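So the structure is just underneath, and the comments pick up after that.
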Amino acid sequence: MNFKLTEEQDLIRKNIREFCVKNVEPIAAEIDEKEAHPADLFKKLAEGGWMGIPIPTQYGGSGADYLTHAIVVEELSRSCSSTGFTVSIHVGIACMLINLLGSEEQKKKYLVPLATGQHLGAFVLTEPGAGTDVMAATTTAAKDGDAYVLNGTKTFISNGPLADTYLVFCWTDKAAGRKGMSSFIIPKGTPGLKPGEHFHKMGLRSSQTSEVVFKDCRVPAANLLGAEGAGMANAGVAFDHGRVGIAAQGVGILQAALDESIRYAKQRVQMGSPIARHQAIAWMIADMATDLQAARFLTYYAAWLKDNKQPFTKEASMAKLFAAEKAMHHTTKAVQIHGGYGYIKGAKVERLMRDAKILEIYEGTSEAQRMVISGNVLR
Amino acid sequence: MPTLIACFKWVVDEAYIRRGAGGTLDFSSVDYKIGEYDRNAIEEAVRLRDAGGGGSVIGLTVGPPESAKGVKDGLSRGMDQAIFVSDASFRDLEPSQTAAILAEVIRTRIPQYDLITCGEGSSDLYAQQVGPRLAERLGIPCVCFVQKLALEVGRLRAERRVEDGVEVVEAPLPALVTVLPDINTPRIPGVKDTLMAGKKPVTTVKKEDLAGGFEAALKTGAMTAASLERAGEKLAADAAGIARFVDALRKSGLIR
Amino acid sequence: MAGIWIVAETREQAFELLGAGCTLAPGMEAALTAVVPKGSAPPGEYIARGADEVLLLAALAPGEPFGAHLPVIEQEAGAGSPDLILFAATARGKESAARLAARLGCGLCSGCTALAFDREARSLRMERLAYGGAAIQKLDALSKPVIVTVPPRSFEAAAAAEGRQGRVRELPAPPPSPVKIVERKPKEKAATDIAEARVIVCAGRGFDRQEDLALARELADALGGELGATRPVTEELHWLPEDLCIGLSGVQVKPELYVGLGVSGQVQHMTGVRGAKVVCAVNRDENAPIFALADFGIVGDLYEVVPKIIEALKT
């Protein structure tokens, strides 16, 4: 077993870290406070080729492996978890779905601008009445000649207000049950597609989240992604890839929490010595470092399986479940270590804790992950 | 179409050095990097090649075998090829040795070149010697501390920073320059640049392939942790604290 | 007889280097030779300050850089065979020292922070900083001569003494240099050079706005000192000009008193302050690294504390 990253992966990690220190760290607190999407930053990310890492070069990507993409999401999340997440969903779901399931024309038309970062993608599945219970969705796409007409409301869509390309999942044949959903590529500006209410969130605030409303939205049949009825299966592919990204996001958050906790504990003096020398604090840090290591290896292993063309659904789910829960647990501990200072706006750990919570909820709640894993293990 | 040589060094990233027991330095968790000033040198050579519409940039580095990763890093920054002079004994060379080795390699393997760029110093030892020493050994003109550089036919024009201002100089090619950090902003290599780096040609030269002894002229006796620590008396911001602060200043006779 | 040579571009440099030479000459039982530009000062001034011999570098044609002297210096050093050659660690000094070291095939200790002669071991002990200021590198010479560059203001200028005798010799003109100066752009002299300041008040990131730096200036005036700044305040925020930036890559200062206001105390900055006699700090973060590196520190908001200090100084 080779546990070492390749030289390329290590150099890429160094480079994205340098990018983060220069371009992400200085604005992270501000874009969180203002709930602002950093358009300039995403332009720079696009210029550096960071928005389509695992996509083949002929479609505008860098032709690297998925583990490299995971490492980049981790490092971005370490500085700003909203930025890491936006890249994760853009690459891991929007780009990967079209790359794996799209026709040649669809790839040329939609994947190239996404992988080069000219366009931003969105994954449109969740509805007000359908979270974990995907089958409870009500958005429909009725066939009409050589087009489909979509009606319904989607919610909690990341990049909802800004995406250029929406990957939308809805019923084409409700009677067919699990084989009755389909997925569509829908460009911004298509009449009948409108971003709706914008949400103000506890954390991940610079990521733009909104409803997306479909009213008689007419989509050509050529925009069907994959076969009609393959929607649920496609969603499964989306989740497998997306979850590795969320796990990487969790690893980045854990690393940031550990960095901050160590720094603070070494400096803060109480009762005559730095609190790092007090066992209670030292043990909190030991647990944090251990869970970070575990989360990292679970995540890298899931990415490695995908890169080696092996099934990775269970492993992606495990990595996401573990990294998410540990990120929440340890960012809470990080605030604890900082004491009062950790509770004040401006402290990085204050933002980390607010950002961590959503990892236990989106892209499949921790409960949903446990269903996937137990379903797999108990077969 | 100029041939440019960019010299660079793979060094310990000082951010990872920790203090060991008893004033020693702990290098056990260190990572490595191409020094910041060397990145400027590489970037300047690449920029001049691209500004001139062609030419080639050859990267040149001396180090132990582990520095191979640094060669890849260098190649990801726009150079066309690299020469890596490698030997296990090259771990702690002092500047006179590095300059001697570089001179020997350039003399024997790069017979035609127009310009050599070096950083103003390496980010580990910052002795600021290798560039000018190399120029002397090769018998070429040397301009140090360059903040702006242009290549004309057969000569260079450079602005170099000295204490009393800036000297604008000209020198015939081939020549060597050492560059300041503000000469350019080194690129952050993109993913493709890093992936392509491994495909560019690298010539590895062994110590046995070179003529010369490369003896050291200086020996490092010890490398210990520098300490800036002082008395460290901390006072509160109340009337008593401020009075004590001002009193201490007055007693030391330092102020009116 | 052993020989210590100093090579200087200016009179002030020469006086400092002679000061360094004078501390070493007795132990090394060495004669001191000053290699200086003709016309920089009457040779008698160098002899009065310890030079046993003064070698005058020929006046250069316009456009010839200081480095043009190298072939002549090399020739003289080859003949004179000194044990130690000192240069100032200025841009020209560092370049010349390295080029001379290559020509003579000898060792060079750059930016030497401590220089002493060990009489028992009969060798020169040299120290310098490495790894961005985190380490002290101790060096031993394996060659003769050894060349050393010395940061400006590391040594006291030698004092003039009455009645000293010495020889003076004019050196031949050097061949033309391939490098030619085509234009000089002198630096607008800043009102003061903080490297020379006796008292420095340094403004750091703790200031909220550029206008608030007036408070730092007020304290500097009250203390009879100059204003300095950290790298974020100069190179990132551009609130003050870069020549006021104190630090490893900025100015190294050696004031009698340094007061850091809202300065956190990062190594890169504090290495530039290590020469200060007394270091004081005001910072509202009790865990700021500067407090361990200062002699006196006040934990408090500089906006409240500094006016009180100024008030107290008036009484």
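Each chain gets a letter, A, B and C, in the order it is written, and its residues are counted from 1.
In the analysis below, contacts are C-beta pairs under 8 Å (C-beta built on N, C-alpha and C of every residue); 3 or more make two chains touch, one makes a residue touch a chain.
Remember, it's a predicted structure, so these values are computed and weren't measured experimentally.
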For chain B and chain C, chains touching each: A
Most distant chain from chain B, judged by the mean position of its C-alpha atoms: A
Chain pair with the higher count of C-beta pairs in contact (A-C, A-B): A-B
Chain with minimal offset from the mean of all protein Cα atoms: B
Centre-of-Cα separation between chain C and chain B, whole angstrom: 22
Chain centre separation (chain A, chain B; CA means) in Å: 39
Cα-centroid distance, chain A relative to chain C, in whole angstrom: 53
Residue numbers of chain C (touch at least two other chains): 286
Partner chain A, residues of chain C touching it in the complex: 286-287, 289
Chain C residues within the chain B interface of the complex: 65, 67, 90-92, 94-95, 98-99, 101-103, 105-111, 129-143, 146, 177-187, 198-199, 223-224, 249, 256-257, 267, 270-271, 274, 277-280, 286, 291-301, 304-305, 308-309, 312-313
Chain A residues touching chain C - in the complex, by the definition given at the top: 264, 267-269
Parts of chain B lying in touch with chain C, wherever the complex brings them together: 12, 14, 17, 25, 94-96, 99, 123-129, 131-137, 141-145, 157, 159-172, 175, 181, 215-226, 228-237, 239, 241-243, 245-246, 248-249, 252, 254-256
For the chain A and chain B complex, residues of the former touching the latter: 7-8, 10-12, 14-15, 18-19, 22, 47-50, 53, 57, 62-64, 68, 72
